[in-house]
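Please find the structures below.
Shared chain: chain A. Partners: chain B in the first complex, chain C in the second.
After this line comes the complex of A and B, so read on.
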């Protein structure tokens, strides 16, 4: 069902869902984004596959968290000294918060990449630049073509006994030869493509593109909800009151009524696409 | 602070907007079909090269191929190849809010390479003999430029404001990566310039591009 949502709606929804909390400095908001993003992963991915990603996320979390205190030495609570520099609790927690935010955005972008299939990317890009979209579609086709060609070239060389005796230097030399041959072929081959495009009339008139995407009622609904909620969240963040101060001491503002309302707005607004698809699929 | 972390929002909007403007402008220019295809081929090659060297961190011929595209096929080709290589390869290696920054950085590397290539093409013998070393030095410099450009993004993303100390921290953390990246650029230009130059030159004269 999500496949049939208009690409623009999809893009704006995911950008809103993934990035709105990145503009605030509040660990609860970042955590909420991450949790919602994980739930979004479960809507299209297998449970086991998502679980297998979690160690990677944890590794990222640890790496980004410990990055900050080693380079940033502000903060009052000293944990220990390393090479004469202070390693502070504040810097560590600041790093952890940043890590939470980065992973939250990453998780949302994984879902975005899944739903933004090639045709949707081409459609969106083609609105801005027809030339860019042409190149993208050509490149998308050329990549698997080239990989297949290199593989078969290598097989032929091995079969003919021209790949060398298996020593490292011989292999490198053989790969160099394969690369040179491949390069000549790819450039010459591209000219055939160019000629066949010319003979089919490419560039004769202004380029028009066909797209199967229609702006439907549910697109308007999702778009309106995303934009309005983004505005509400921005207003909430702008009004301040729950930005965490890290230096010199951590000041974590108590979650008030505004904060709880904003979290609710966020949860309801991001669940709109999974909800629509769930209802339609039934 | 009124709107915490507004720098990041503004920077993303500005960089995406300027990319869109550049693409709109480029769309008005007529590019020959053959040139367009050559740009696509070079972009595909640079992405495939990123696949081949995916296992090695930072050691990639991608920027070198973008630079050679700029040198041999002109500024428009250099920019498009760099920009779109970053954009398309990120579909395999992970899209994110950093994509527009990578696109701009690689696009600019290709664009400047084309300008250097133009200067070198019109150079007299003492300078023209130093063509390859100059391109290699440009490869080194562009690796450093890439790091500086992308670390602006890292700084804004982690600290939310212009933060000198944070910028230096990000640069310092990236030093091994930057060194490897710059050296790989120079090495791959050295290795790839002869085969690419010979074949692209042949194609350009043979098909009058």
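After this line comes the complex of A and C, so read on.
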């Protein structure tokens, strides 16, 4: 179902689901976003593929967590001193919270990039800037294309025995040769592309675009859920009593009724759409 | 998928990931080296402990001179107590010294402790231990080195005399003698079979033994003395010095020969009666000239081309012995004029001990000889006013626990070795594993490079534990007794935003020419106040971002930390402003870029 909804609805829904908790400064909300994002990943991805991503997430988590205390020295609980400045537990936990938030957003955007295919991007942003969208879509195509070309070039060189004897200097020289060859080819390729675009009449008359996307009733439903829930969440977050104080000592907000209600609103609004999609697709 | 072997090389033999990895490692190494140099310009970070320089010669004040001497004696003894793991000085004598009584270094410590009029120690355990050790060493098949026996016997005699002197006057019991503690055969061996057995040193130590032990006439007669002295003087080189071999004098040997010959110089009241007397006077004068001419600019000496603390210590003892031999009327004036204390202090290490020469850590032998030399600089009768802390009773616990970083320093030091070793072990282990598995040396090389990188970064970042860092001795904040200290009033306050006092006004004694930034750092360090700053160690620029969790921009766009000296806001950075005596320094939080602090 999700892959057939309108691109605008899709974008707003994912932005709401992935980014609303980023403004809350609350580790529980960040964790909730991450969990819902993981569930979203499982609905369209293979189980084993998702599991294979987890070590990468953990690495990101550790890196972002330990990054913060080395640059921000606020907090009362000193772990140790580095170059005369204190490294504190508070800064470390703040880093961990930020890492949770970043990974949560990242997980949601993995799903977004899966559903938001190139034609949808072009449809959404083609009207804003036609040329920009064309360049973006060209570039998006070119990067995997180039990588594939370099790989095949290297394979050919090895097959022909031109890659060197395996020593460090020889392999550097061979890589240089491959790069030079690739550069020549890409210039030639771009000229061919430009020629073929000209011969097909690019820029001769005013451009028209075609898209198969229609705004249907279910789009209105999803859009309504996203916008209303986003409004409720924003109201809840701005009403206060929701943010965590990290410095100089950590003060977690007491989980009041507003907090529980907001968590429920978020869970229901975010999980209902993948759930329907999952059931319908079966 | 992230696997550790992927970090080193892809399964493909010629993968570019290897190139990228090599580039990254090289880049990181450059970064590490750069950061090391940028940090090493910071005075906080040093790879090797460097000698502490103190200028005593500029101070003519006698009590100040004594204070430095006694402070350094105290530092050496505390260093020795800590390295041996003893609880106090008495414990050190009873366990560490008594376990190895024949060791020359330990005997140096013992004689220094005895000759120090300010220290009172109980040596009974050491005496019995030394006596037994000497008996068994002489009786054993391999015997004992002649000079070692001579020195040990002299030390034993000094210890016995010390214990005898402590006996109350009304005590009628007989004084203890050498023969109470060692066998007759040991004494016989020492008198008859050591002098002259091992060249010039056995004459020097033999004469020392004869002088100290004062054997009865039955044991040794005047003729023996004269023969020993004459033979010793016959070793003198043409330049006035003595040496182990060759014909150019050596400072160490000359100084030691002087120490034993000087007591034989006749009193000025008595003309040279015996022909030997004039010989001794000539020899000692020539030796003194030798020492005078061989003193270096800094006040120290060199032996065989290497400047070392032992030579300086021996020279100090030689000059001091001339006082006992009626050659110099006032000892301390002479010693300070020769700048010998300056020469000795060149070798002082931060842990309190003394090094053999520059760039080396504290050394037991060097410290023991310097201790002897410093003890010789004290007033022999225990007079004079000494203000500096010194161990006065053997059972005294360290008088100033914070001063030298005691056990905490050792602990932090161990941590600073264990962590890089662990880094290296893990990296090298991984490297060896992959080398065996993949049969490629590049893995091992990259692993070693990564280990070196981690170690370098670890040291460059100067990671310290909280207790060590906050209790470390300060070079900026001084005690009120320090003569070089400037007296300032210092306060940290954010009265514009909070009623809580961060650091109420207090009088501080700071080192001359210290900047506001240095003082602030030291105050926050010792008082455990949170401080965040940016600093460029090359230009000395410093910017305070936050104190006590109150940060810049916390109270509006124009808020931040400023400082005020004597009621005015200086227009230069706090890393440049040097305080003067009597200044009032305030670190204040402004919410309106200084306008609320009285700046127009």
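Note that the second predicted complex is superposed on the first by the 206 of 282 C-alpha atoms of A that agree within 3 Å, B and C clash if a C-alpha of one lies under 4 Å from a C-alpha of the other, contacts with A are read in each partner's own complex, and residues count from 1 in each chain.
Assume a residue touches a chain if its C-beta (ideal position, glycine included) is under 8 Å from a C-beta of that chain, and two chains touch if they have at least 3 such contacts.
The shown structure was predicted, so the numbers you read here are calculated from the model rather than taken from an experiment.
Asks: Which partner does A:221 reach: the first (chain B), the second (chain C), both, or neither?
Replies: In the superposed model, A:221 contacts neither chain B nor chain C.
Asks: Just chain B (first), just chain C (second), both, or neither: which does A:202 touch?
Replies: Once the two structures are laid over each other on A, A:202 reaches chain B alone.
Asks: On chain A, which partner's contacts cover more residues, chain B's or chain C's?
Replies: B
Asks: Quick one: classify A:81 as touching chain B (first), chain C (second), both or neither.
Replies: A:81: touches chain C, not chain B.
Asks: For A:166 in the superposed arrangement: first (chain B), second (chain C), both or neither?
Replies: Second partner only.
Asks: So, does A:186 touch the first partner chain B, the second partner chain C, both, or neither?
Replies: First partner only, chain B.
Asks: Going by the contact rule set out at the top, does A:134 touch chain B (first), chain C (second), both, or neither?
Replies: A:134: touches chain B, not chain C.
Asks: Could you tell me if A:72 is touching chain B, chain C, both of them or neither one (first, second, both, neither)?
Replies: A:72: touches chain B and chain C.
Asks: For A:248, is the partner it touches chain B (first), chain C (second), both, or none of the two (neither)?
Replies: Only chain C is touched by A:248; chain B is not.
Asks: Would you sort A:102 into first (chain B), second (chain C), both or neither based on which partner it touches?
Replies: A:102 contacts chain B only, not chain C.
Asks: Can you list the residues of chain A that touch chain B in one structure and chain C in the other?
Replies: Correct list for chain A: 72.
Asks: What part of chain C is in contact with chain A in the complex they form?
Replies: Residues 1-2, 13-14, 16, 18-19, 22, 39, 42, 44-45, 461-466, 469, 521, 525, 528, 530-533, 546, 548-549, 551 of chain C touch chain A in their complex.
Asks: Given the complex with chain B, which residues does chain A contribute to the contact?
Replies: Listed in rising order, the residues are 19, 22-25, 67-68, 71-72, 98, 102, 105-106, 109, 112-113, 121, 128-132, 134-136, 138-140, 142-143, 146-147, 150, 179-180, 183-184, 186-188, 190-191, 193-194, 197-198, 202-203, 234, 237-238, 240, 243.
Asks: How about chain B: which of its residues touch chain A in the complex?
Replies: 1-6, 8-9, 20, 23-24, 26-27, 30-31, 33-34, 36-41, 43-45, 47-48, 51, 80, 84, 87-88, 91, 94-97, 157-158, 160, 165-166, 168-170, 172-173, 195-196, 199-200, 203, 207
Asks: Going by the contact rule set out above, which residues of chain A touch chain C in the complex?
Replies: Checking each residue of chain A against chain C gives 52, 55-56, 59, 72-76, 78-86, 154, 158, 163-164, 166, 168, 171-172, 174-175, 247-248.
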